[in-house]
């Protein structure tokens, strides 16, 4: 086992990894940017190294500085968390070249899966279903032929594309000509490239992914699925396992497909194979593979009963993963809600500010992974993920009730969050029925904040007569002005409550 | 004590006063009048009895904003700035009055002092609560009608602030 | 389902029950004594009723007042928690007579199991092994005959006894005469009753209990065991499941015996059958049955994956418990540590005072059930249990590591606790090896607090120059003097931070 | 600044001073001398760098008791009462001196005031930390050598307290 690990990340995931290290008896090194001088992940570590300015490329994306921090502190391995450099093959190479261990898959696996088109082609080759499609189409006849082979409805989209630009859903052949023309025009405008591709359109698509896990001794298993169809702006906000959509038979087939995908690139450590599942037909299609720990890994931990992060570290240190596929099973039902500093009433725009009040829920079966505390500033530099609430209960209904109770106990003042939005989402019949597809939030869930309750006005009024009893920002004790922002270790930065 | 809070759509008037018994508050919002007790208040959390029901609320004062969480729901209200504790009965817009019966706990200014909008001028204690009487605008203290320790009646004039030019 | 439940208890267990109610959509009524006016369990409930003075007989043991509180608030059922009235058959009768539901077994089951000697005789009759013994012995010949039948080593003890008075361990026949004489003398002095009984002595006894659960529809299962051998002053401090002592075969046999015990009294709801297990021979003996929820129920919840308190409420409301014995299994390893306000360096004497600083540990697989917050007073009126830390992990070793990390994150100032003691206990080789019998703490674990570390003196000194930055009791904001202690709802009791 | 803390068995002398650079502290306990920085201190939690290692500590001041938790272990130390900030150099036992260079932030008493043991007489700010100079015993303020805002040197005499009979 390693004696010291550097965690090249911030926020909740950095603390999550450090907790695993602490239980394994491994010392931890935090890295941080200037904005994060007083962040919890810095306080939580045994040592902390300042990387540089707040912009990620000066700090959390700076490969050279991170490796130098590891060398300086004598760390033997680096855990990249998710985001930042976690799927950067050059980083994995650089870590290895520096004589350190990268806690994750090989650089080559990252590279192969990072080329999304190449990965899709490779998986098709390996016999894994991919979304049927045709490229390099020229004439109208080409399009018609391809469309007939794929079947309607289908999607015409820019080959160079992304973000919905130059994208058309075509329901029947009579609409095809006009759609191709329109898409071509839009593609040319948006990307300067009029090439199009045609793909099968899955109208009621579920996003279902399989956790896979491999060691360096040719053991490779899947740890079942995560249903991640509740998305906004193509980002997951609620994840759960088991998926309410899958049958045992389909679960087994998709799990085997996920293992094939991982095997095709000789995968080791934790990874996730993402599929699209057509709700109507239950056909599934390989989407991509994420070669890292996933934000939503805790629901798998709860249902399968394994500590994924500890196992990441253990197999990176050469240990054997001791469970065969038949040893593994799901128990109960787990749900994760991502608490974002964002305003669901304004297009989910990130909300920045200082955490003026912050209370996390507690209770049996409730886990909160978070990286912030009262007084912390949420800036525009980083992802607006504030915390993850994970519940585990006997069945889906009990898990939803537990999550409702947990969200109802979450208090965040100072930044707007999606907590109220999540409560209403979980109470929706479509969610209760497991009938949420990936476009559901945008197309079917029209949400507006509830008007304030009578008691809210009462409470606000009472606060006027008990000012000193309520949180009053102007008297927050740890606000220090005039401190030297550049040197977090300066004693001048230390708290001075007496300024109050 | 009359307060106005704005949410995204409209303004809400809240009238808060001590009840006759002196042991609780009476609050009127639109047509609804309610008796309530404040059981406890610490660290931004208020425990109240509203019509006999137990209500927990978190309130954070953030400038004019009020972050309020009740029953797991959070709203951001804005306290309307016009409503300092001036009495409707007073013809002098600069005369500030006691919002409820109590005792003057602190007088932070003297006649002739320049004050800035929002500055706490006096503190009145009522029902073991502290009410900070704040300057409604920049100005000068023209007259002080009370001194520390003095009991005051509801709407009793406490202090008069005038614009600098009026001095 | 009930619409409202009264919880006739305080502290962590009252809050535990209320969390279950909240998830089931049931309103809660707290009851409290004057000492508990501001207790967390009062704040947590939808309604709260003052019972009376702080002494338990004026409040939490006052049957009449509790039932009247239930009637007054319209509660339909009463959950007794553990301790107080939870095993009081008269209370269960009174609840039923008032037309309310008692959340627990029938009054007759409580009564039968409450008579410990009678219960033992009944279980012997039913074929459940009990500790072999003989009563009503007179002559030396009687004793010798009984001893021969039981076998050495044996215990000679006062029939009227308790607390170790008039108790002798006899290793061989030659010691018997003198032991009987001495025990008789001591028994007469202590109890005014010289009658003795002779019992088999189990030198290395493990305390292993089985959770049983029954509904009102003749379903009755066991939910596996809890190993509770780590005790001080005959009280459990660490509990775990699975037991490191049991084999699968023995677990199955003891589980079946536990179900027989419960069946013998027509048991419904949650109960616990306690056994003594001889480590040398693995023989087990029925000790007694606790007819209530146990303090240590969370380890079973973690390992078996059920919410016992929710099920208590559901079966009390008439629901069917849907799991047969074959549906149930243990997963991973769960440990509970009881955090007591007591001083292990002074014979575990309870410690009272105000919680000046209080930080609970957090993290994946860590659950803390507690009922107190900063500023709360721990008085001599009630049990010194401050909180329970429960961990769940993949195996016993991982669970111990997790518990060590959790205890290391627990901060309690203002009252002395056993947290340091627990950390050293968990680090002991005997505990690691699962070789702790019930008298181990007293006879083999000689503990003294570690000397303070260098850093502690440094921190204490730094506190002198940053006084206002550290907790200073004299400036604790919520201390209100001169308030009317009798009426917690008086506004005069409300916080007045401005006194600071 | 010399301090003595007692645990159950013995007394421990701690000498705390500002380092030459003025950016950290130097602490001497028995034979061991260490450089340390205080990174942060709030809500009873201190974040320190001790010999370059990051140490988190919780400290609660409870009368003379100090509840201290470091690395998950808790100890209760007792601050020896003899060690108020009087200088060894001073012949006057009632003369209290500045423990380190700084500035007088507050003077809470006047000459002739009766003071009680433990009462805060002055507050000196040093290294952005506040040091409360407290009365070592009951007495009367005989002389005040400093006023608010005044910079003071280490061991400079600040105030003199005498017994009531000496007045």
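Each chain carries a letter (A, B, C and D) given by its place in the written order, and its residues are counted from 1.
In the analysis below, a residue touches a chain if its C-beta (ideal position, glycine included) is under 8 Å from a C-beta of that chain, and two chains touch if they have at least 3 such contacts.
Computed from a predicted model, the values in this text were never measured in an experiment.
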Where subunit A and subunit D are represented by their mean Cα positions, the distance between them in whole Å: 49
Mean-CA-position distance for subunit C and subunit A (Å): 41
For subunit B, residues that touch 2 or more chains besides their own: 25, 38, 41-42, 127, 129-130
Multi-partner residues of subunit A (at least 2 other chains): 466, 468-469, 477, 494-498
Chain-level touch network, classified as line, ring, star, complete or other: other
Touch relationships between chains, expressed as pairs: A-B, A-C, A-D, B-C, C-D
Footprint of subunit A on subunit D - complex, ascending: 23-25, 37-43, 47, 49, 53-54, 56, 105, 123, 125, 127-130
Subunit C-touching residues of subunit A, taken from the complex the two chains share: 16, 19, 22-25, 298, 301, 305-307, 310, 331-332, 362-365, 367-369, 393-394, 398, 401-402, 404-405, 466, 468-469, 477, 494-498, 500
Residue ranges of subunit C in contact with subunit B within the complex: 38, 43, 45-48, 375, 477-478, 480, 488-498
Contact set on subunit C toward subunit D in their complex: 356-357, 359, 407-414, 416-417, 419-420, 423, 449-473
List of subunit B residues in touch with subunit A within their complex: 1, 3, 5, 7-9, 12, 14, 16, 25, 27, 29, 32, 34, 36, 38, 41-44, 46, 48, 50, 55, 57-63, 66-77, 79, 99-100, 126-127, 129-132
